[in-house]
Amino acid sequence: ATANNNSAKNDAVTQTGAAATLRLGYFPNVTHAPAIAGLQEGIFARDLGTTKLTAQVFNAGPSAIEALNAGAIDAAYLGPNPAINAYAKSSGASLRIIAGAASGGAQLVVKPSITSAAQLKGKVLATPQLGGTQDVALRSWLAGRGLKTTPVGGGDVTINPTGNAQTLKLFQDGKLDGAWLPEPWASRLVLQAGAKVLVNEADLWHEGQFSTTVLVVNKAFLDAHPQTVEALLKGHVDSIRWLDAHQREAAAVINAGLKDAAGQPLAPDVMDRALAGLAFSPDPLAATFPELLAHGVAAGVAGPADIKGIFDLAPLNKVLKAAGQKPVPAAGLGTQ
Amino acid sequence: MTQTLTPAREPGSAPGAGERRKEGGPRDSAPAVVLENLGKRFGAGPAVLENVSATVAQGEFVALLGASGCGKSTLLNIIAGLDVPTSGALEVPSDGAAFMFQDSSLFPWLSAAGNVELALKLRGVGRAERTVRARELLELVNLGHAADKRPHELSGGMRQRVALARSLAQDRAVLLMDEPFAALDAITRELLHNELERVWRETGRTIIFVTHNVREAVRLGQRVLLLSSRPGTVVAEWDVSDEHRTNAGAAGELTAGITARLREEIRRHA
Amino acid sequence: MTQTLTPAREPGSAPGAGERRKEGGPRDSAPAVVLENLGKRFGAGPAVLENVSATVAQGEFVALLGASGCGKSTLLNIIAGLDVPTSGALEVPSDGAAFMFQDSSLFPWLSAAGNVELALKLRGVGRAERTVRARELLELVNLGHAADKRPHELSGGMRQRVALARSLAQDRAVLLMDEPFAALDAITRELLHNELERVWRETGRTIIFVTHNVREAVRLGQRVLLLSSRPGTVVAEWDVSDEHRTNAGAAGELTAGITARLREEIRRHA
Amino acid sequence: MPETPTATLPAGGSAEDLRTLEAGLDSLQSEPARRRRLDLSRILLPLAALLVLVLAWQFYVTLGLRRRDQVPGPLDVLGSLGLLWQEGTAQEAIWTSLQRGVVGFAISIAVATPIGLLLSQVRVLRRAFGPLVSGLQVLPSVAWVPAAIIWFGLSDATVYFVMFMGAIPSIINGLISGVDQIPPQYRRVGRILGASRWEMALHVVLPAALPGYVGGLKQGWAFSWRSLMAAEIIAMGGTLGFGLGSLLEQGRQLADMGVVMSAILVILFVGIAVELLVFAPVEKRLLRGRGLLAGSTR
Amino acid sequence: MPETPTATLPAGGSAEDLRTLEAGLDSLQSEPARRRRLDLSRILLPLAALLVLVLAWQFYVTLGLRRRDQVPGPLDVLGSLGLLWQEGTAQEAIWTSLQRGVVGFAISIAVATPIGLLLSQVRVLRRAFGPLVSGLQVLPSVAWVPAAIIWFGLSDATVYFVMFMGAIPSIINGLISGVDQIPPQYRRVGRILGASRWEMALHVVLPAALPGYVGGLKQGWAFSWRSLMAAEIIAMGGTLGFGLGSLLEQGRQLADMGVVMSAILVILFVGIAVELLVFAPVEKRLLRGRGLLAGSTR
């Protein structure tokens, strides 16, 4: 009972002042580039001032959510679906999405012999996680082309929700016919296993934009330390700006960060291809969230949920305004 | 209590020579162990003991004889409180009894001395005294040289002697011994007979011991009880007088008489 | 080989009454077991056996006497091939020996009949015959009624009798028995003496048996060997003639002589 | 000083009366009757213990230290479980896992027992491979997943392989440690009875080591089951059936503590049921047959 | 028919000669000398077995059935391991995990032993909680992760908690099954010697159950170590140290088989070392002290 008391302790000491520490969780993944660059370049540390920053690397979504829920970390970079799930299951008590981080960068890659949706009938495809963004996207895309699937694996196309690293190996081994994957895995399959892009998820969304990574904070932390959350957001926005401004160095910096966090960098060609498909922006694309949820319900992997209030973009817009940038909309799903 | 003692007798079995000779001595004092119509049956099997009644006075030395498998060990177990009778009642001293088991039952993880010391320790004897006392007891059974050996390094007879030393280490008023000298050679046995008798006289313990050696029973016991087989009942008892102890002829006669009675008992079942 | 047999003798120990009486009979045939200057020592401890030399003729019935802990069981173990001597040589039949251990050593997961049947099975006896034969052997030791009991449900003497039945179930030429009747009452013991003798006569087996009962040794053995203690050596041997078997007086005399010699041996170490 | 610990002397009556009374008492005390009574307490006591734990849990939840979605109460979990049951997910998961667990465990036993016997009987093999087996035992299940996927793809074979690698070393080690505790006298008797190496293993070593071996099997079952849960997380649904491990992981991924707790409860329940219905009777019978039951609390 | 299995009769010479020769033979056969020789074979044989396995592995790789990055050869893995060593990652991971493993296991023993003794001695408790303990034993480690994070956050306490929940039920069960196999006669002797309940547990039950208990501890260690690996996957770095489990998971996440195999080899090596350096000597000593070593292949 040490870590989780931390936020409570902060409450007691400085009611609405800056927190003594901020614990930030992220994955060693190119889609989390704003976190990696911000840590690597010291941007967060600079913007947080007196608040001490601790970074916590996670391997998988569940532990990150559990840690956030328990107050073991205060903020985290996550995929939109885990964020929606956590929000819905806790009836809004657990977290708030306070900014977007990355968008784009997901593709359906298949064996070169497959060139059309019709050829997928009877094939085995993989997605990273049952009910995850890509899983839902694949299922609804297939449904749109008359191919039925069920969550337990039956139907016209078999979908195996399995870990990305395993997917790479299985594909190399010819045991999979394709996969709907986020970066850098789509790129790794293309460049290291000879896969071909059948669908780019960006093509399915309005203006080619869909959320890949968002920044969330623990709700209790947000209530207790709005000031610190603002500082974090400033660092986040600065980090994205840095990424935009230093496109050439970005790859090297992210790879250095990956090396620190995960022990190994990505191959340069994979990194370049992955970055090309991704866009970094503080806009969480709130308008796409209801559709995201609807797809999940339609695919039978999620129940209907109320996500009104999941966004708290007021602090972000304050920061953006101060930086002279355009405010972002919450699309009626929270404050803006 | 002594008055009410009427050993159950199979109808039709005539008392043999020397039977039922009553005497004075220790049996007039308060009884240490009273068995009343004890019966014992394992599970749904046949009765092993039936209507066993006997009284053992304080300080008495009683020998228990009987064919193999007649229920002697079972009876001792009941007296020691390790088993419960199926019927009947018994009175025993509340502090239980010391027991020397038929198999030596030493703890294999302790040395010979360690086994004896444990008995002393559980009795509350202090550490320093324990070591000395255990050594003395092992010397008593001629095993001073084997004090540090583990049970598996001892011969059968040596193990039995360690068990004897352990049972003597307990200071209970009643001492039960189940064939204590079975695995010993004639000479060692004789030496230990003398030692046991000395200990008995010095401490005034009540001793009930089982043996298959009729001469041993006559040599040591003040009274000899004979258990019949299937079911076990006390079918005969003999008092051993001082005359039997001093006169070899009388002892031989008694031994022969008891053996004849034992043979008769076994024949009944053959 | 019989000619070379010169039992090792402690210097200065005079042969007692009846010792070294040689006879004809089975001992003239080929030897079944030859021990030459056997020595045994456990680890770095003192010698348990030293210079043990003896020859047992085929079909001979030899009794082995000795104080408790003198090395009798160790010697039988060596003869059975369960232990290796530290020095010396021995000749035994290549098919090993049947062995009745000092503790009954029954397998607790098998019933009495199962234990006997296992011995028959490992000998290659067919299933149907096994059941019949095991039942017969148990009847022989008066345990027909306890065939289905597990060892823990048997009394000490009953377990010993099951072990006897099991050792008889083996058809080896040599039978080693370690205190086979120690836990039996006088009458059962007498019955089994007769049975054992009958089996011996009928099958012509070579039997070496250890006992602490000098009368039993004289009753059964054709020859009695006495082992000294620490270290164990054959210090004396007696031939038991037919006269000892028929004449109670002669038997008593021999028994007394052997007992006296045993006492002398033990005194030397006291 | 003398006291009367048991004073059940039947009061008066003719000898005949006495005998019938005694017979009655005896038949009451006889084995079958006692066994039935004990079995009830065997079911009721664990249930009582469970009830106490559930009450403690409810109490903890009532204290309100944690958000309800993080630490759901027993009723919430029951609701969640009911939902899973209605959907059929719970039954499917239980059935899939139980089937795999039983099949995999049976195969593990069949493979591990001869290997364990061989290692325990042949010194050189034991020395050479014993430490390796212990080493394999401490390898986490997840270590086998990459290899299993390379060899077997996403099929049930992968799941079974991961299970085997968890259970087999454990059963081997259990058997070996059971064999090590056999009194050497048993082997000596076996030799005297003329047992060949094979007969020795079959008729002496295995039965003698049986109580220890069954203890080892219990641990082996735990290893299998836990490995199975780990294997079922490799992939959920698709070509691999949906088991309890998948249910647990799905709950975690959806941040649905109700589902997580439901899965935990079901796994716990299966574990307890296997203990009560399989291992407890086997152990009891074994111990009873060897006279080891007296004084045991089993 | 008679043959001479052992014909080592010293040839001639005076009695004195003979005696010294015999003494020489004896001292050669005495315990310490033999023990030293055995210990060498205890190290060399497992190494030989390992070597054979590595050669088989190299052979499999040479066959070229699989791509090299999927099934790296021994040399590739050695290179990968060397790299990890140079970076200090390997040492850090080993040290962190070993430290946690030892501390966690020690605490597990300290907690589980009294509980196990209590359960094995008190029938009602055994009946009530025994099945529950068996149930807990089959719960996969991952089931405890959410609860651990809720209670302890991302601290070492979480890792230890997950370990305890893996190791403690296993040790309890091992002890109970050891106690169950105690010959009842020992308890009877204890009673006769006047042992109180506590003395009985300490002086009779525990030492009598020791060989079975140590076997249980070995399984308990495997459970601890595997649970530790599972716990180390929760999160890497930050407030939680970087252990072998993290290394393994990192390799898996990157699909880098070199790192995965390195981690597996290191875990295997630690497991074998613990077996050889800790459990084997303890077991051997125990068995020797009770005369159970004769005929055993240990």
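Lettered A, B, C, D and E in written order, each chain numbered from 1.
Here is the rule we go by: contacts are C-beta pairs under 8 Å (C-beta built on N, C-alpha and C of every residue); 3 or more make two chains touch, one makes a residue touch a chain.
Keep in mind that this is a model prediction, so the values were computed, not measured.
Chains joined by the most contact pairs: D-E. Of all chains, A has its CA centroid at the greatest distance from the CA centroid of subunit C. Each chain gets a centre from the mean of its Cα atoms; for subunit C and subunit E, those two points are 46 Å apart. Each chain gets one centre point, the mean of its Cα atoms, and the points for subunit A and subunit C are 86 Å apart. Rounded to whole angstrom units, the spacing between the C-alpha centres of subunit A and subunit D is 42.
Taken residue by residue, subunit B touches two or more other chains at 81, 103, 153, whereas all remaining positions touch fewer.
Among all residues of subunit E, those that touch two or more other chains are 70, 145-146, 150, 188, 233, 249, 252, 291. In subunit A, the residues touching two or more other chains are 62, 66, 69-70, 163, 165-166, 169, 173. Those residues of subunit D whose C-beta lies close enough to touch subunit A in the complex are 67, 69-70, 92, 145-146, 149-150, 153-154, 234-240, 242, 249-250, 252-257. Across the complex, subunit A meets subunit D through its residues 61-62, 65-66, 69-70, 82, 85-86, 89-91, 93-94, 124, 126, 129-132, 151-153, 158-163, 165-166, 169-170, 173, 175-176, 302. Residues 80-82, 96-99, 101, 103, 105, 107-110, 118-119, 121-123, 150-153, 166, 170 of subunit C are the ones touching subunit D in the complex. Chain contact summary for the complex, subunit E toward subunit D: residues 41-42, 45-46, 48-50, 53, 66, 70-71, 119-124, 126-132, 134-143, 145-146, 150, 170, 173-174, 177-184, 187-188, 211-212, 214-216, 218-219, 221-223, 225-226, 229-230, 233, 245, 248-249, 252, 257, 260, 263-264, 267-272, 274-276, 279-280, 283, 287, 291-298. Listed in rising order, the residues of subunit A touching subunit E in the complex are 1-4, 6, 23, 25, 28, 54-59, 62-63, 66-67, 69-73, 163-166, 168-169, 172-173, 188, 261-264.
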